[in-house]
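In the two complexes that follow, chain A is the common piece, with chain B as its partner first and chain C second.
Then we have the complex of A and B:
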């Protein structure tokens, strides 16, 4: 072929091959609270007298967890890393293939396909998972997560991964737990560093403070001009000048403060935040570790009352009870349209319910027969007893077991009814009679 | 030199058909072929049809390729003389229109039986038609299965329709794990919860599109037990390639036991009677 053909074919081959240089710079993202911290708190700082770099939050996370392509198995965590971190590596591979596109590289529920999904995929980073068997204040145990992965969540975009082998299921569950632990530690450290917030809101309030101080100074100066020589007014002006200087120096003072804080948290400059990291890690680890061996599970103390019209009736009466308040959210027909969906929660600017991730949350429509957390009686029992973590579905520990079973029987019967269940009871029956008579008389 | 170059294209175009035939000859041994023997009676008949077509088509292929090879070679060998013009041959045209049409017509009519038995509900085995096994709902990206209660007996078409429209208290639900009994024909209904999918079990030679809004009956019979693949064969989104489930064929007794176990676990109330030791929660 001639020179031009050769050039074109070489160039296009080169371009094609360039695609093979995979961009493997995947990184974990940081949460908003971290992004809004001051630079020193986030990334640490170099000491002016040439000592070692003092670490910030991001440095610690990088050191203890690594990057997606370079994972670190921090032994302190209650994660089964497997021999030589095999579990983590296999878990990561499976996660990237099956889970990442919805749940995101960092488990933030914001992967590439997440934007098309409603409800949104789970954000693991608060360590909150909805469908668990543990007490309301506890973390999920491994079985809960495995069950969710294996059976999927009907009514959402989470499919069932039934065909994973046991080893694959185990490793991907461990990876998810690892991501959750990383997210929780990050949030805890954000709380420790919360004084060093550099978000837009805080920066704006600093600017507002300076503007206010300037205004006060001008007003004081004007007052002093009217009565020159007055010592009280002169003192006012001096005070207002001080205030303005303080407002303008606020950022500088904070800079000094944050360095002080980071340096003071440890024996040597390298330790910095280390103590806080260890403290918070221990706390988080304790919460996860205390459910790993099946402790703190919600287990009924009485067997299920067999389903019967009587039990279902009792359940319905409990459902409509003013003290128990099911119908506040779920509505009296169980369609998820109760009064709470139309009222404003404290501090909200939109009506309705919101979950712990800040998203609008509709109470479950119980008439569809879709049970996201499972349709076994024990699953419904656990939703009622333990609530649903991260949502406004509260736990109820006051009801007796028999009452909860009646409720469970009622809930399971709702989709099978042709219409709203009617509670049979003498008083109601008489009431119907009265209405019929009234209608007959044309009123 | 020129003479050899003339034959180049003839050789080139004869080379590839030979490669094709050779590939087909070695394909079964190298597993470039069907996923094993058909595991259902109708599947066996479908395979028979396939082989019949293959034989017919191979014979025609070899004949036409030899003819083309001959023409290419002869034409390239002729280095002198001018081309001659022909008006064609009407007789030849008629022959090579009627004969292939006849073959095609034969194939079309010959396969009608098998096609009808697979697609036309009224030809389904009555035993399967009257007592449907399950309702299989495809959704992105899993297979959700609903069985009627193990002791449920359907009384007629209306009863079945009612069961399809309204779930019942004893129904059993699973996902991505479809069990069928072996040794008898079974029928199930295919639905879709969202977009088009297709129920495809290669070993049983069953393939049927799932169209949202339609409830489509499918019947099959597994000759032998085993774990077969249930794949999606209609592009349904980013997860289509991994929308795979397990289709487990079990002998009747094992299948009934499976349903009973499923019923027990679906009614699990999590209650553990207290043991003799005083370990209470």
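Then we have the complex of A and C:
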């Protein structure tokens, strides 16, 4: 008994230790658009005459960003890497400790914990962050991200990391920005390589094209047989033969095209993938660098109108105004049950609104008094003026500052209202809807 | 008490405890790639592509370098017709679901086929780059006008140059919110655009194919815009015909050096889903001969006309 127990415990320990010694390299994952590309576009190809391997999208990303354990600090990026990349390494360490389990190793919002969370953690890879102080078309600045990390997001699972030191907060923010930049470059290169899509739908459509071309050729040949020597019919047959050749060669044309593009040769001379990496990197860097020094922030020109019954009343009128359209989404009582939540977006099979990450999005229920982006009046001002990036909350630059402050005062008063803030009978609306209860347990 | 039974239990418990401790220690060892792992950082100027030196950042912001035609003697132009083949599907009118006092039902512009010659309107045709030796046209000074009235965008399809000013007008009796969903350029969102007002923007980068412009308040509103860095493109008119590079100042179109080219042909109803899926034809070859006008006919088979947009 004794010896057997010893044998079992030794054997199992050995097995476990063996597992540890094997190097489990974590990897960044690629986005769906990348996965659906042709193999050459993704992974490059080996030249037949034995030259060096020609790079594809994944090779560039690997070279310019590295893996989670072997990072690459690409100097062109507007990231504070620190001396010899120390800042990035520290940021990565903190990220893996505190953030990775929700936000994922690649910043894809799909970490091990994410499946239990609603709303989902942010996927950084589109470079879109919701609660910012910058203009609608601009990236967040460092302060916006630091604020989110420091204070957390009330109403969601994003906790506050107030206990991080300044240096730690700075380095983890830089790592998050670095992950976002990587994701954005990947998406831009996906767009540049969109000709080389190899998803099932695309391959099926190529097969359909070949079948249709063959059919059309047979039909044209039959017609020509009936009247031999007719030049018009002969031309038809020639044209249909051309079309069939084109359809059958479509895949080979693309194969040749993608190789030329990756080699920066032929029609693509000076404009191949390598140049596109540089060009798109410059573009992305430009957009992020535009806000690093506090530019393009939303700063009210008029000082805050203090809250008062008159201001709240004016705000309420604006909120209910059919031309400003707050109630379209937020509903006339601000419960987030406006008519847009029941209408179908283009191409959607479910009613309601969807955010830029493709997830269903409920307009904010303003009666709860929970404001994810911050509850200071300036925060609400920024949501109204700048919209919320990545969501259907649009910006509004046409309202005057005083009007926005009135709206802010009204919004802040909604949770304190004793009754519904509606001025007309629900049944007077000119659209049809059934009177379902607002789903207050949603996002 | 040291009975035989208790001593064997002690031994078993002892071995079990030892085993569990070893298991836990083994678990600690597995943190070699977790949080405490010290990642290495390599500083890099730019990609070191094998077989070549590390390239300097291109820096020219993607200016139009032109492509080399396969032969270069003399110039010609390209004209053509996009012809619908088969039974033309009849599209139901677009029926606005709100603000119906101003937003009236109207014809669906997703597929407009001319009954006389089966020509398809609003098909985008273009070559990817300005050919070397072909004229480099500058960005027009005149702004492009993009309007909306009765909850419909006008025009439904528009070709613009990168950096060309676009005036987004709301000539309607209701407020709109105009959004352009871009891939390679900065996205545009007009924000709440009150009735009878306007705003402006310009695309800062070219796109690979046309992109969609929508209104957040009126989900049925859709238009397509295509910003390019050159003008060697065209949009078919009501007769389905196009002249490559034509403009109000230059109805004969732009001249291309003689040679072989590839034309991209795109229409919103030639597929569904993202714009990259809606090509009618990719890399349609055509040849330009000196001092001649090449005329091609592009078939638009009925099976390609997608109804689910």
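Just so it is clear, the second predicted complex is superposed on the first by the 359 of 443 C-alpha atoms of A that agree within 3 Å, B and C clash if a C-alpha of one lies under 4 Å from a C-alpha of the other, contacts with A are read in each partner's own complex, and residues count from 1 in each chain.
Here is the rule we use: a contact is a pair of C-beta atoms (placed from the backbone, for glycine too) under 8 Å apart; a residue touches a chain by one contact, two chains touch by 3 or more.
Keep in mind it's a predicted model, so treat the numbers as computed, not measured.
Enquirer: Under the superposition described at the top, does placing chain B and chain C together on chain A give a clash or a fit?
Expert: They fit: once the shared chain is superposed, the two partners occupy separate space.
Enquirer: Report for A:347: first if it touches chain B alone, second if chain C alone, otherwise both or neither.
Expert: After superposing on A, A:347 lies in contact with chain C but is clear of chain B.
Enquirer: Looking at the overlay, does A:151 come into contact with chain B only (first), chain C only (second), both, or neither?
Expert: A:151 contacts chain B only, not chain C.
Enquirer: Looking at the overlay, what does A:303 touch: chain B (first), chain C (second), both, or neither?
Expert: In the superposition, A:303 touches chain B alone.
Enquirer: By residue count, which of the two partners contacts chain A more extensively, chain B or chain C?
Expert: C
Enquirer: According to the stated criteria, A:381 is in contact with first (chain B), second (chain C), both, or neither; which is it?
Expert: first
Enquirer: Check whether A:370 is in contact with chain B, with chain C, with both or with neither, and answer first, second, both or neither.
Expert: In the superposition, A:370 contacts neither chain B nor chain C.
Enquirer: What angle, rounded to a multiple of 10°, is defined by the Cα centres of chain B, chain A and chain C, with the middle one as vertex?
Expert: 180
Enquirer: Is A:289 touching the first partner chain B, the second partner chain C, both, or neither of them?
Expert: Neither partner.
Enquirer: Would you sort A:26 into first (chain B), second (chain C), both or neither based on which partner it touches?
Expert: In the superposition, A:26 touches chain C alone.
Enquirer: In whole Å, what is the nearest CA distance you get between chain B and chain C after the fit?
Expert: Across the overlay, chain B reaches chain C at a minimum of 10 Å between C-alpha atoms.
Enquirer: Which positions of chain A sit in both the chain B and the chain C interface?
Expert: Dual-contact residues (chain A): none.
Enquirer: Looking at the complex, which residues from chain A come into contact with chain C?
Expert: For chain A paired with chain C, touching residues are 1-2, 5-6, 8-9, 12-13, 16-17, 19-21, 23-26, 51-53, 55, 60, 63-64, 66, 68-76, 81, 84-86, 88-89, 92-93, 96-97, 136-137, 187-188, 191-192, 194-195, 197, 201-202, 205, 208, 212, 243, 246, 250, 253-254, 257, 267-271, 274-275, 277-283, 287, 323-325, 328, 339, 343-347, 387, 392, 394-399, 430-431.
Enquirer: Which of the residues in chain A come into contact with chain B in the complex?
Expert: Listed in rising order, the residues are 98, 101, 113, 151-152, 154, 157, 159-160, 162-163, 299-304, 307, 369, 375-378, 381-382, 405, 412-413, 415-416.
Enquirer: Any idea which chain B residues touch chain A in the complex?
Expert: Those in contact with chain A are residues 139-142, 144, 166-169, 173, 175-177, 238-239, 242, 244-246, 265-272, 281.
Enquirer: Help me check something: in the complex, which residues belonging to chain C touch chain A?
Expert: On the chain C side, the touching residues are 8, 11-12, 15-16, 18-19, 22-23, 26-27, 29-30, 32-51, 55, 57-59, 61-62, 65, 67-68, 97-98, 100, 128-129, 174-175, 177, 179, 183-184, 186-189, 191-195, 197, 199, 204-205, 207-209, 214, 216-217, 219-220, 222, 262, 271-274, 276-277, 282-285, 299, 301, 303, 308-309.
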